[in-house]
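Comments concern the structure below.
First chain written, first letter: the chains are A, B and C, and each begins at residue 1.
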Amino acid sequence: MLHYVLSRLLRAAVSIVMVVTFVFVVLRMSGDPATVIMGADAPPEAIDAFRKAWGLDQPVWIQYFAFFEAVFSGELGRSMRDGRDVVAVVLERVPSTLSLTVPAFLINIAVGIPAGVHAALHRNSLIDRCVMVMAVTGFAVPSFILAMLLVLIFSVNLGWLPSAGQDSWLNAILPIATMGFGGAALLARFTRSAMLEVLGQSYIRTASAKGLPWPAVVWRHALQNAAIPTITIIGFMLGGLVAGAVVVESVFSWPGVGRLLVVSVANRDLAVVQAIVLMIAMTMVAANMVVDVLYGLVDPRMQGQARGARR
Amino acid sequence: MTGGTADLLDACDLARSYMIRRGLLGRSTAVRAVDGVSLKLARGETLGLVGESGCGKSTTARLVLGIEPPDEGVVRFDGAAMPRSGTSAWATLRRRMQMVYQDPLQALDKRLTIGTQIAEPLDIHRIGTPAEREQRVAAVMAEVGLQPHHAGRHPQSLSGGQRQRAVIARALVTNPDLLVCDEPISALDVSIQALVLNLLMDLQERSGMGMLFVSHDLRAVRQISHRVAVMYLGRIVEEGEPDAVLHEPAHPYTQALVSAIPHPGKTASRVILQGDPPNPANRPTGCAFHPRCPVATATCRTETPDLKPRASDGRRVACHVAHGEASSARAPASLETC
Amino acid sequence: MVDTTSSSATTGGSLMARFLSRFGSTNRMPILIVIAILWLVLMLAIALSADLISPYRFTQMDLRNRLSLPVFMGGSWAHVLGTDELGRDVLSRLITSIRMSLLIAFGATIIGAVIGVTLGFVAAHFRGLIEQAVLALVDFSAAIPFLVLALAVLAFFGNSLVLFVCLLGFHAWERYARIARGLAISGKMHGYAAAVHQLGASPWRLYGRHILPNIASTLIVSMTLAFPEIILLESGLSFLGLGIQPPDTSLGNMVGFGREYLSSAPWIMLAPAFVITVTALCVSLLGDWLRDRLDPTLS
């Protein structure tokens, strides 16, 4: 088990090195990092100081290591817009984003998994069909269209809920609903197919044939085995949730990290973009690692396999 | 048979290990699949290589063809050292050394017609004009007993025997000097086996190529080979004329193999092997066969016997007891089973 | 190292024949799939004949007829789907947008498949360090939301149509890479690929003539499954104003600009939103169906 956790940690470290390398390469390829990060209008002495601080007069590989040092000490530059430290600029938006993504994630799980299990246990019932239709719609209707349809119905036509801003908790309902629906549909679909696969296995038939009550079969055998693929999907869903936040925050003018990213890309406020990409990437790597370790705990068979366990 | 000029194939002290990962921590151990095998093959000669599955015969075949590099030892083909696999010199040599596989359906590309695949070695090595290639393909198909209309068929629409004939045709289309057959008949129906075996013998006789025939089927090996080598756990334990080796085996392992051939009306004198079947990952010390050997002595447990001619008749055998170097309570039985 | 996609190399066979026999017998094809195919054929026809069938040029403004209603809401037949805030014909813009979005999705899907298959084959051929490097890249792109990476690249390099298509091409490359590597390795280990190698074939011949055709069915199914994702990604980025830039127009771009007129002129946004959703739905239905039919090894 220790070896398994260590190998996951190593993989996470490699991923983080690659993320930082990616940002470094993109930054180098897009022009002079000093003007890119500080902005072309920055005073020359500030640019000189920046060059010195980042060692831009040094060979590339020294710059590369200097970049790592800067990233891990949190020196990611200043925002072009107001000159503040980008880490602070991004961090102050995080609670806003979490106030959407955490409830949405809970809805995903609280709705998606029971719906999927129920649909699988009552195959071809009305509920099963509803779940399948919802699941397919959830994939095909992109979040920005769903968001706008919800605005059209609940804000424009019915006038029940506000369509933009962050004035009261009512503002959060539509964004959370948008993100909650898409993820729940996806999760329901995967839970359903994982359950159906497990229910078709011979050990389920054996368990019910030897007289175990059906609820006990479902609880003891089916659910616990279906949990394995489902945890995998939840790991992937985190990525979808982040991408969803970018779009949904933009639609609802919600002042979170996602909107900050889109606005910064549009304004080419590159120091902010760089900080957000690094932070999201590291969060994702950490989350994936946690999922991997959870996976190993649930399914001891996976521990021997160094790679490919989640595919 | 072995005499004459320079050998077509001369493999010397080949060894090949594989790393096998086992257990949770992925600690890997080396498994010596082939451990010091030497063999020679002259033009026009067929060498049979027999042994149980897992004894390293297929690995030996792959080493001999240079598909894999040996960890130790050298393979010389027609006097020249085998180039590294994947180099252009190695690729060029392919037209002179070809292979026939155990499962013809696996060895053929299911998306191409038989005719295209038989012509492929000619395409690869740029031999002849398109018209000449077509003629050559037709000729070689006739030679192996395929009908002209089979050329347009896909492998899965042919029978097992026809597929193996196609694989043989593909191997022979460049007129190779060496043909390596790795269990060429064991995946075929029994009724087809004899036909394919006869075909291989005919072709070999007509073309005068050298042939390495790898099989676990003693009777097939005896029928087709001019010389036979018996392998056990990565080593050759006995080698000689097939009739002599299989009629009067010198090595206790060969005796056991021979006695396992079922004979109608003959029930006596079967040597039943004792102990576990061989595990190449956990090779016994000394003579690898000693845990299962009915005549093993103390020497057998500690010293590895060399393959060398026996004093009495010159038979090459790797056994302390057979050479009389170790006295045993029971002398190796000279079984008259065939 | 575990190859989860291994056995389908042997299922190739006379795939085309099976494919055709399945297509030939429409009575075995679910009605939904027939509808999906018809819709996609319609979209393709629109994209190919966009210049011929659009009633107006997509940039042509009719300032006296701004925000006019579509026919089904009581508007005139002059503008079947109404006009936008500048009096541009929504139907004409929709037709041009369909062409743009399909073009981008096709281009990006093919780029992704080429990159992925090439890297997968390279990993399978060289093994060792190169393979580990490719696998690390695969891990990397599987771990981070592609939208975020795409936004970063767009921020640093600015936007152009070519860059945008190439960028979207990197979506899902890692899936093709994994499939190509897994199938190539299992093919090389035993069977026809090993036999062809022993015949002295060059790597080009081995991978191009033998392995690629044998894994084509799996790749085509993967491409069908990735295609709607690229449509959605493109429209999402264009919706955010970071994809296709005016005067060019795409489906997501139309929805994005229609957002400001959501309360007064919802039809500007509804028509492209409908096309995006239905097209994505149809391609993914078709992909699921193809997967079940042709390649049960993919999940």
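Simple rule for what comes next: contacts are C-beta pairs under 8 Å (C-beta built on N, C-alpha and C of every residue); 3 or more make two chains touch, one makes a residue touch a chain.
What you see is a predicted model, and the numbers here were worked out from it, not measured in a lab.
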Comparing chain centres built from Cα atoms against the global Cα centre, which chain wins on proximity?
C
In terms of mean CA position, the chain most removed from chain B is A
Identify the chain pair with more contacting C-beta pairs: B-C or A-C.
A-C
What whole-number Å value describes the gap between the mean CA coordinates of chain A and chain B?
56
Can you compute the centre-to-centre distance for chain B and chain C, using the mean CA position of each chain? Integer Å is fine.
51
What whole-number Å value describes the gap between the mean CA coordinates of chain A and chain C?
22
In chain B, the residues touching two or more other chains are none
Multi-chain contact residues (two or more partners), chain A
306
Touching residues of chain A toward chain C in the complex: what are they?
11, 14-15, 18-19, 22-23, 26-27, 29-30, 36, 136-137, 139-145, 148-149, 151-152, 156, 239-240, 242-243, 246-247, 250-251, 261-262, 264-266, 268, 270, 273-274, 276-277, 280-281, 284-285, 288, 305-309, 311
Footprint of chain A on chain C - complex, ascending
1-4, 135-137, 139-140, 143-149, 151-158, 178, 228, 232, 235-236, 239-242, 252, 255-256, 259, 262-263, 266, 269, 273, 276-278, 280-281, 284-285
Footprint of chain C on chain B - complex, ascending:
65, 67, 90-95, 98-99, 101, 103, 106-112, 120-121, 124-125, 154, 156, 167, 170
Touching residues of chain C toward chain B in the complex: what are they?
10, 12-15, 190-192, 194-202, 205, 210, 213-214
